[in-house]
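Below, each structure is written out as structure tokens.
Here chain A shows up in two complexes: once beside chain B, once beside chain C.
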Partner chain A sequence: MLHLVNTSPFESSDLESAAKYSAKDSPILLFEDGIYAAQAGTAMEGRVKEIMGDHPIYALKADLEARGISNIIDGITEVDYTGFVELVEQHKTASW
Partner chain B sequence: MKFGILILEGPYQHEASDSAYQFAKAAVEKGHEILRVFFYQDGVLNSTKLMEPQADDRHVQKMWSQFAADTGTEFIVCVAAAKRRGINDDVIADGFKIGGLGMLTELAIEADRVVTFRA
Partner chain C sequence: MIVFRTAPYGTIYAFEGLENVLIMGAYDQDISVLFIDDGIYAIKDGMNTEGTGIKNFSPTFRALEAYDIEKVYVDKESLEARGLSVDDLVIEPEIIDASQVAQMMEDQKNFFIF
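For the complex of A and B:
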């Protein structure tokens, strides 16, 4: 199952819920305001790195660019919309 | 693959509809079929031809109507959600049709993947 997280971790617990209730190794895609979790150097960085121990994390490039974020946490994979579609080909989805 | 898309949020207030549009375009470009886009809850507001954004802004309804014209994708607007919001056959734009919630159930059964875009 691919978990779609579109809210900032600074205003919502969606990322935490996705991490808590999803099976190990299931991927998480951050998009829209969700990409704030991918930004390096924030108060969330440590927690996001912990989550990355159990889940590969992807971040949608268009939404990073729309918010001017270029410094993302090492190990998070940037994908474009084609990459988003490829993730959906591989997994059924849950929108948090 | 056969994809379904569910949109739960109106235009302009939130980017759900914009994200869904970009996703739908990318899916079609990769050769997938979108069986249906289902507009539910405030998502029904994407279907009104009465929206009139400023000229320098995107026109969300026209983006979708053009997508329907280009790809033949079926767009269903939930009748109960639409009636609550003053959306009826007089105001829905080209490419959209009013239908029942059963068509969402049917989509969930028939599509290989359903992706939900919400606030």
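For the complex of A and C:
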């Protein structure tokens, strides 16, 4: 199951719920405002790194760029739209 | 599986979720229903929306049985976090924990979160 998160971790619990209700190793894709969780140096960084212990995290490049976020947490994989589609092809999806 | 995770009146999501459940139920789809996070508030008993002018749709959840929808679950931790128990709900879902939810998600063919 691919978990799709498109809201900021500072205003919504979507990322936390995705982490809580997902099987280990199932990937999480951050897009739209969800990408703010990928930024390094925020109050969320420690928590995001914890989540990365159980889940690979991807972030959509176009949304990172649109929001001016270039310093992302080590280990988060940037994907372009083609990468997004490939992930969706490989998994069932849950949109939080 | 249809998942409720938002409170009933602040947004339209929970109501839309209920409509989806009833539509799929009417077409005899094999569906499961799950309440997590604030979705639990959609089935809290004792709601009286008269003063707000909004329809209280929680009693409609009692109709799930009539639609032969029997796989209805609620997340234990979400209930406890809100100081509620199944006695506080308009229906009696089976209580499961987060790891069981995760397993269910893997097992389900489709997953819609409201």
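By our rule, the second predicted complex is superposed on the first by the 96 of 96 C-alpha atoms of A that agree within 3 Å, B and C clash if a C-alpha of one lies under 4 Å from a C-alpha of the other, contacts with A are read in each partner's own complex, and residues count from 1 in each chain.
Criterion: a residue touches a chain if its C-beta (ideal position, glycine included) is under 8 Å from a C-beta of that chain, and two chains touch if they have at least 3 such contacts.
Just so it is clear, the structure is predicted and the values come from calculations on it, not from any experiment.
In the three-chain model built by superposing on chain A, chain B fits alongside chain C with no clash. Contacts of A:Phe84 after superposition on the shared chain: chain B is touched, whereas chain C is not. Of the two partner chains placed around the shared chain by superposition, neither chain B nor chain C is touched by A:Met52. By the document's definition of touching, of the two partners only chain B reaches A:Glu32; chain C does not. Contact with chain C, but none with chain B, is seen for A:Tyr21 once the two complexes are overlaid on the shared chain. Of the two partner chains placed around the shared chain by superposition, chain B and chain C are both touched by A:Ser95. When the two complexes are overlaid on their common chain A, residue A:Met1 makes contact with chain C while staying clear of chain B. Once the two complexes are overlaid on the shared chain, A:Ala62 sits against chain B while remaining clear of chain C. Note on chain A: of its two partners chain C and chain B, the one contacting more of its residues is B.
Smallest inter-chain Cα distance, chain B versus chain C, after superposition on the shared chain: 7 Å.
According to the touch criterion, the shared surface of chain A, contacted by chain B in one complex and chain C in the other, consists of residues 92-93, 95. If you check the complex, the residues on chain A that touch chain C are 1, 13, 17, 20-23, 26, 92-96. Note for the complex: chain B touches chain A at residues 1, 3, 15-16, 19, 22-23, 25-27, 29-30, 32, 113-118. For chain C in complex with chain A, the residues that touch the partner chain are 5, 36-37, 75, 98, 101-103, 105-106, 108-111, 113. Contact residues on chain A toward chain B in their complex (touch as defined above): 4, 6, 31-32, 62-63, 80-82, 84-86, 88-89, 92-93, 95.
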